[in-house]
Amino acid sequence: MSTPTESIRSSFRRAGSAVRSVAGRVVDRPTEENNLAGFLFVIPNVVVFSVFLLGPILYAFVLSFQEWNLFLGTGKPAWTEVFGLRLPVGNYVEILQPLPWENNWASLRSPSFNLWWFAVRNTVAYTAVVVPVQIIGGFLVALALDSRIRGKKVYRAAYFLPVMLSAAASGVIWRWILSQNGVVNEFLRPVGLAYGWANSPNTALGALMLIGLWGGIGFNMILYLAGLQNIPDELYEAARIDGADGLDRIRHVTWPNLRNTHFFVTVLAIIGTFQVFGIALAFAEGGPARATTTVVVLIYETAFVKSSFGRASAMAFFLFAVVFVFSYYRYRIEQQDEVAY
Amino acid sequence: MARTTLDGVTKRFGDDIVAVDDLSLEIRDGEFLVLVGPSGCGKSTTLRTIAGLETVSEGEIRIDGRDVTDVKPKDRDIAMVFQNYALYPQKTVSGNMRFGLEMTTDLDDEEITRRVEEAAELLDITELLDRRPRALSGGQQQRVALGRAIVRNPAVFLMDEPLSNLDAKLRTQMRTELQELHGELEATTVYVTHDQTEAMTMGDRIAVLESGQLQQVGTPMEMYYEPANEFVATFIGSPSMNTLDATFDGEHLQLPGYTYELTEAQREALSADLGGDSVTLGVRPEDVVLADEPGPRTTEFVASIVEPMGSENVLHLRHEMGEIVATVSGGQRVREGDRVRVSLPVDHVHAFDGETGEAVFNRTRTEETAPGVVGTSTRSDGDTLADGAGETNTGDRP
Amino acid sequence: MARTTLDGVTKRFGDDIVAVDDLSLEIRDGEFLVLVGPSGCGKSTTLRTIAGLETVSEGEIRIDGRDVTDVKPKDRDIAMVFQNYALYPQKTVSGNMRFGLEMTTDLDDEEITRRVEEAAELLDITELLDRRPRALSGGQQQRVALGRAIVRNPAVFLMDEPLSNLDAKLRTQMRTELQELHGELEATTVYVTHDQTEAMTMGDRIAVLESGQLQQVGTPMEMYYEPANEFVATFIGSPSMNTLDATFDGEHLQLPGYTYELTEAQREALSADLGGDSVTLGVRPEDVVLADEPGPRTTEFVASIVEPMGSENVLHLRHEMGEIVATVSGGQRVREGDRVRVSLPVDHVHAFDGETGEAVFNRTRTEETAPGVVGTSTRSDGDTLADGAGETNTGDRP
Amino acid sequence: SGDGGGGTAGTGGGESTDGGSGETTTLTVASWGEGLEREIVTGILNDYEESTDGVKVKYQNTPNEQFYQNLQTQFAGGKEPDVFYMIADEAPQFMRNGALLGVGSELKDAEEYNFDDILDNLLEPFTYEGTVYGIPKDFTPVGLFYNTDHLETAGVSAPTTWSELRSALEAIGESTDVDFPMAVGSQPRNTLIQLIWQNGGNVLSEDGSEAVVGSQEAVEAMQFLNGLVEDDLAGIYGDDIEATWAPPAMGDGSISMAMTGAWSVSTLEQDYGDIYEATEVGMPTPEGGEKVTISFTTAWSASAKTNAPGASVDLIKALTNKEGMWEWASTGTALPSRQSLLDRDFYNDRPLLSGLGDLGDASRPMVFGPKTSTILDTIMNEAEAVLTGNKDPETAMTAAERQINEQL
Amino acid sequence: MSKSSYDYPGYERAGARYWSKTALLYGSITLGALLWSLPFWWMLSTALSANPTAGSVSLVPEQTTLANFEELFATQPVGRWFFNTIVFAGSVTAFNLVFDSLAGYALAKIEFVGREKLFLLFVATIMVPAMVTLIPVYILLSNLGWVNTYQGLIAPMIANPLGIFLLRQHFMNLPSSLGDAAKIDGCNEFQTFYKVYLPLAKPALATLGIYTFVTTWKNFEWPLIIASDESMYTLPVALFAVRNQYFTEWGLVMAAAAVIVLPVIVVFMSAQRYFIRGMTLSGMKG
């Protein structure tokens, strides 16, 4: 008898699935030749990447520990005392202080107390709504447009349109559409629901979410459309015989079998929403009353309106750390699963 | 009761492709029917119409007397085992097995768990219940797929080449397990395969399809000894039956360089049933006799290839009239290039109408009790060896 | 000359997995060597180290006397046929076949085209040359994969289960074609398979691997009649050799409810070579004899399952000492539940050391000229039937 | 060549050779503004280039929204233009960080320039520690534009006090079919600051060391403004009011009054002649309050790191001397920042512009030291919170005061 | 094969239910599509209106006029900008395809030291907000003397880890045995990549290509900063410059937006098939 892992390995190898065999091949010892080839293949990218992305990022990282005068290009370390130590982490301390509980969480409710935390709250709220809805929405649209309907191409293009419009244009357009006298209220007025959606702090973030969804669903749709092609028909048939109807099939077959797509989509969506910026700025410049100030908008303002580039960098790296930890964790889980194949 | 009846079932894809062509077939309650035929002959399609995964274009399907032609798969009281298992990758083994019950019945959790565990025990996969399919070997996945079908306790099992993805050893083992299972459950089973051994050993009856049309249905021995036509004759049995083109001159069969003498009965059958005068003479490799002595039905062949297989040697014999294959015991030596005297025993040959392929006469079926049989064990609970009790619904044998 | 030598080849993956373990093997020029073994035993890995697709961890590989251990695949003068064909989906059939020549030789277009067409003709795929792989059936793809290897006219062919994806009929056909091809090209070939029939019929010699270790290498008949150990004995042959646990009391073999009498030579071999006193008695299914008369080596079994296969019936026989399988001719009837008198012929049994599994003695190999052989055709150009001329490099038979 | 900012890497945008004569200096000039404004600017630049030996001028146009982001980035990269627009509220941080070139002393002494002619209150935002870093190219105070026809219909006279304003608006709301009687400024915070000033309050204390925007005067101003909005007497552009600025809104009669400035005049005149005829400008103040309003002003400044300080100052001179300034001011889109130009006959038959001009003395730019943008930002957000009903005026103004104090 | 979600008993023949379901499906996706493209129609309608303000524009302009477009094309050197945009989006796309497919391939198919770490590093940088690198990149480019040059415009956009991520995923899913076969057929690593795997990645390349092209084409912030000279402007930069300080000529702005987006829509529509198939293949097994 072969051990279970062996037989699994060989059974998948026979199935010819490359995903798995690649995952299973991690242990092979790289050779000199492979090292050279790998090096040559990645070198163009590594050069461009290091020079134009990694380098600047590291530079910004250094700046995040400085009070930097952007006009003169000079800076001095942002010294501060933390737990009795003198460290150049002034920008970081500055952003995070006071911690929200030190003002009875008020900074999460009103931007008047501490804008950073308020922006964090906005971002989290935005992400919490937009990411899942965007994913599910993209999934549903893909599901609908995957089936045998006429004019698929046009429908797909319609849903993909937002991706093609520039952020500036769509921000402005949406502001118009959602304004007191906009098209939306034209429909709502007769039922007495007309409201300044874009101009009220109560609804502006909601409106921004709407725009986020509008923009994201089309992109996710494309990714999901692709993922859907890979689900074996037999699974649907098995489910049909098992008595699963339409919705059950989606729940038990379609959805779980899009795991890889989900991963890709989720990572992109989270990164995308944490970076929601262009549209937010064009839509309401972070207002009204800071209602649409997300962390990235705040970073922008800090950098370019208040010219505190060091502080802005600190914010960005704090944000980065959070997103990275999250993504890395997901990636690890994903990897484990892949290896367990 | 789960008699399953196909009544004039036709399945067309588009306008041109007729995958199943006016198929009528009755599968008896508790029967294990094996569906065989060359690739693309419509085996899977037939199974899928029974399952309700495809609509039928014409005809009617009845399970247990009930017309299920327009009934959804889940309401047909069937379960299906797919060639590539089609297990839900995200569910554990027990999740896979429960699913059907959860969807179609109101059983409470406990009852479902009980049933799943019972089935798992039967299939010896109890320790695997919490694993996910990808952590299972092919054979284990196979058993889970079976378990998923079993727990539902359906009236009819449908299996589409369930063993074809397994390697030889595992396949043999699973085959035995499946047979035992069928013995225990006694559910009506329709089983598609392209494996000779499976077809011969597993089925109560075998149905042979070609180009969507039913060629013959009968017990394995019937199919073997009394094929309805040349197609069935060459399809069943491995190595295939040898066929030689001959002409019937009213007396003998004339082959190039060889005159084959017939018995009285054979002559009569040929005279009565033959359309033209061309006949295909068939003889199975194991019936080809290497004759010590020249005789009326012997002639000389040259061994072109000899394949020693250990237990037997397969000889490829060449002659003016064509090439035939003969199997001889592994202990008997023939060298490539040897001239061999071969006899085609008159009681072991088949004749088919050279034009229609219909069987004109088949070999006589002699069966004798094997030597060494000294009695019947009282422990026996097995069926008798299938002995022609089945019916054939096609083929007009003499 | 394309003698291929593996000298102490070890391949480790990571620190734990030893896929190939100190393997030494010499493949003769023009030889067709079949590599068999259970799944995961290192067959593919061995092949891939010969191909140069894997580096070896230790040892040396020589082709034609030249050390190629560190040579790139393309410079080894080999060609490989992959299990899943690995045809380039974007290229046409002829594109697939040309590619290797374009990359490795300076031949002009015309010459390449000529070679490709030649190979295509040989493989009967001339009309497919402009199609793309996905428009081909499995068997056709298989032939293209072969063609791709052939056109390069390499010193060594490496084939990794090239027929395993085909259905039974096509496989038989392709097997014959491959054999003919080898006959024509006479290139050294290493062929991995897990199919018994392929192993027995195709190979000049068979090498059996288990857990990365070479168990035995020899001609098919040697492997069949003179297995070096229990593993090889049960691995080669289908159905497998029956094994029964016995104890050697210096005189007889004692089995539960059965005393097996030995010949003088067998007794001596056992006394000389046995480690402890436990012996595994082996006998092949076709050597189990149903005996009319009781005799010194007969005992009664109960037939638990009878599988009629047409040409033969496979009997599963139960006894206190275990279950054995016997094959009898298809005409001989045994019913399930019958008590059967069985004899294990003394000259057809094998004995293995119960602890090490090493063969202590093997059956005597009797071979007689088959009846009906009347001479040798002058047309013959075949080899003689493999008759033990090969050597075995493991196994210490008495 | 393709690189406009000057070929050599390193310091400054201007490319010059200090020693050599006969070699050319390239000055890069950046501004925003399309159409007429751009034509005029480039016109002056061309004239300057032609009339000055050894100087070439390159022009960059950047949309207003992106202007300061770009400018800062260019500063960081040492690729900033030599001469550029500097809006009053951005000026403090540029000056504080030493980014700008002091131009005052040279221009004060310059012949034929008449530095003293420039309005003092407009120079103030561009003055830091006694040095003048930019010359205001134009300005416009914000006044209350009103449609006299509507006043007539409603039977009220032009309002001069807050309470008159309120009752006038109420009357107009009742007797006409305007959507909103009045529109507040393009940003509510502007109107708010103007009201605070009028009510005797301020944003920062005299010495600029602390915020006083939570004072009673400021809260009252907020309350007054909020009252107008709450009661639908005043509306906000782009939301309550369809149009995004005054001329189309006044022009199609959907509002009667608007807080706006000179930039509205020419469009009103060209596109809505009838309404233009009927429009007058004024500035109601609270009873006993101050007559004051806000103004917007933008200057021409130069980079401290320019390689050609002399040429840069020279160019600014050309852009802001009487002739240069008038070319732009004579379009009527803004008022000149020179008293002598304001006194020209041109304004005699332009009641709206001259009315705004009269407010010139009483107008102050919204500049509050180096933290101006942050302060304006804070006030805007708190004002928005009030106007959208999310905070009461007192809480909001106190919150604004606290936040500004934190920043100072 | 049968993607026959509808082809089974109990569906096709259950007429009423089938039709009501179909109607529901069409109804909802049509409604959704209309909602989704609403801003777009609105943009077009504004661009085609004579004198639009926010509330006055409905989805069908009362008076259709091409005046806005005419003004746009009359007053601006649209041709030059169009050229710049093509150069910008085109070369960014081209470089991305080349560099990312090389790196994606190596990360998927070549086992070299540090490949996992390198991949993680690439992916990690996707998450850093772009504006943080804006100033450092600008400083860098100005030190290189690349401000206001094509190379300055293009180079920083080439570093796009997202593309590497996507293509790596795709290559991972192509069978390794093809590479083995190629090696035996005499290919070195680059030939294996170029002659065997790259053609198979065509659809994924189309996917990435279109995505990159679209996002680069519409990018506004970056070219604006780096192109100080008008002759270096791209369409979005140039056309958004028509916005004015205090007020906006909406008709013109929307005409500009339309001019920017229309070419991309054409590209998307015509290449959609590859686009979706590209994603499909990247998940392909075997």
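Lettered A, B, C, D and E in written order, each chain numbered from 1.
In this section, contacts are C-beta pairs under 8 Å (C-beta built on N, C-alpha and C of every residue); 3 or more make two chains touch, one makes a residue touch a chain.
Just so we're on the same page, UniProt names per chain: A = Carbohydrate ABC transporter membrane protein 1, CUT1 family; B, C = ABC-type D-xylose/L-arabinose transporter; E = Carbohydrate ABC transporter membrane protein 2, CUT1 family.
Keep in mind that this is a model prediction, so the values were computed, not measured.
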Inset, instruction - Please find the path from subunit C to subunit E through touching chains that uses the fewest steps, and give that number. - result: 1
Inset, instruction - Give the chains in contact with both subunit D and subunit E, ordered by label. - result: A
Inset, instruction - Looking across all chain pairs, point out the one with the most C-beta pairs in contact. - result: A-E
Legend entry - For subunit B paired with subunit E, centre-to-centre distance based on mean C-alpha positions, whole Å: 56
Inset, instruction - Determine the centre-to-centre distance between subunit B and subunit D, using the mean Cα coordinates as centres, and give it in whole Å. - result: 93
Legend entry - Whole-Å gap between the CA centroids of subunit A and subunit D: 39
Legend entry - Separation of mean Cα positions, subunit C and subunit B [Å, integer]: 27
Legend entry - Sequence positions of subunit A contacting 2 or more other chains: 7, 14, 16, 28, 70, 73, 176, 179, 181, 240, 304, 309
Legend entry - Residue numbers of subunit B (touch at least two other chains): 52-53, 72-73
Inset, instruction - Find every residue in subunit D that makes contact with two or more other chains and list them. - result: 69, 72, 76, 78, 238, 242
Legend entry - Residue ranges of subunit E touching subunit C (in the complex, touch as defined): 175, 177-178, 180-187, 191, 195-196, 199-200, 286
Legend entry - Residues of subunit E that touch subunit D when the two form their complex: 53-56, 134-135, 138-139, 141-145, 147-150, 221, 224-225, 228-232, 240-248
Inset, instruction - Would you tell me which residues of subunit A are touching subunit D in their complex? - result: 69-73, 110-112, 175-176, 179-181, 196, 198-202, 287-290, 301, 304-307, 309
Legend entry - Complex contacts: residues of subunit B adjacent to subunit A: 48, 51-53, 72-74, 78-80, 82-84, 86-91, 99-100, 103-104, 134-139, 141, 148, 152, 165
Inset, instruction - Could you pull out which subunit A residues touch subunit E in their complex? - result: 15-19, 21-22, 25, 28, 30, 33-42, 44-46, 48-49, 51-57, 59-60, 63, 70, 73, 141, 144-145, 147-149, 153-170, 172-174, 176-177, 179, 181-183, 214, 217-218, 222-223, 225-227, 229-230, 233, 236, 240, 260-261, 264, 268, 271, 274-275, 277-278, 296, 299-300, 303-304, 309, 312-313, 316-317, 319-320, 323-324, 327-328, 331
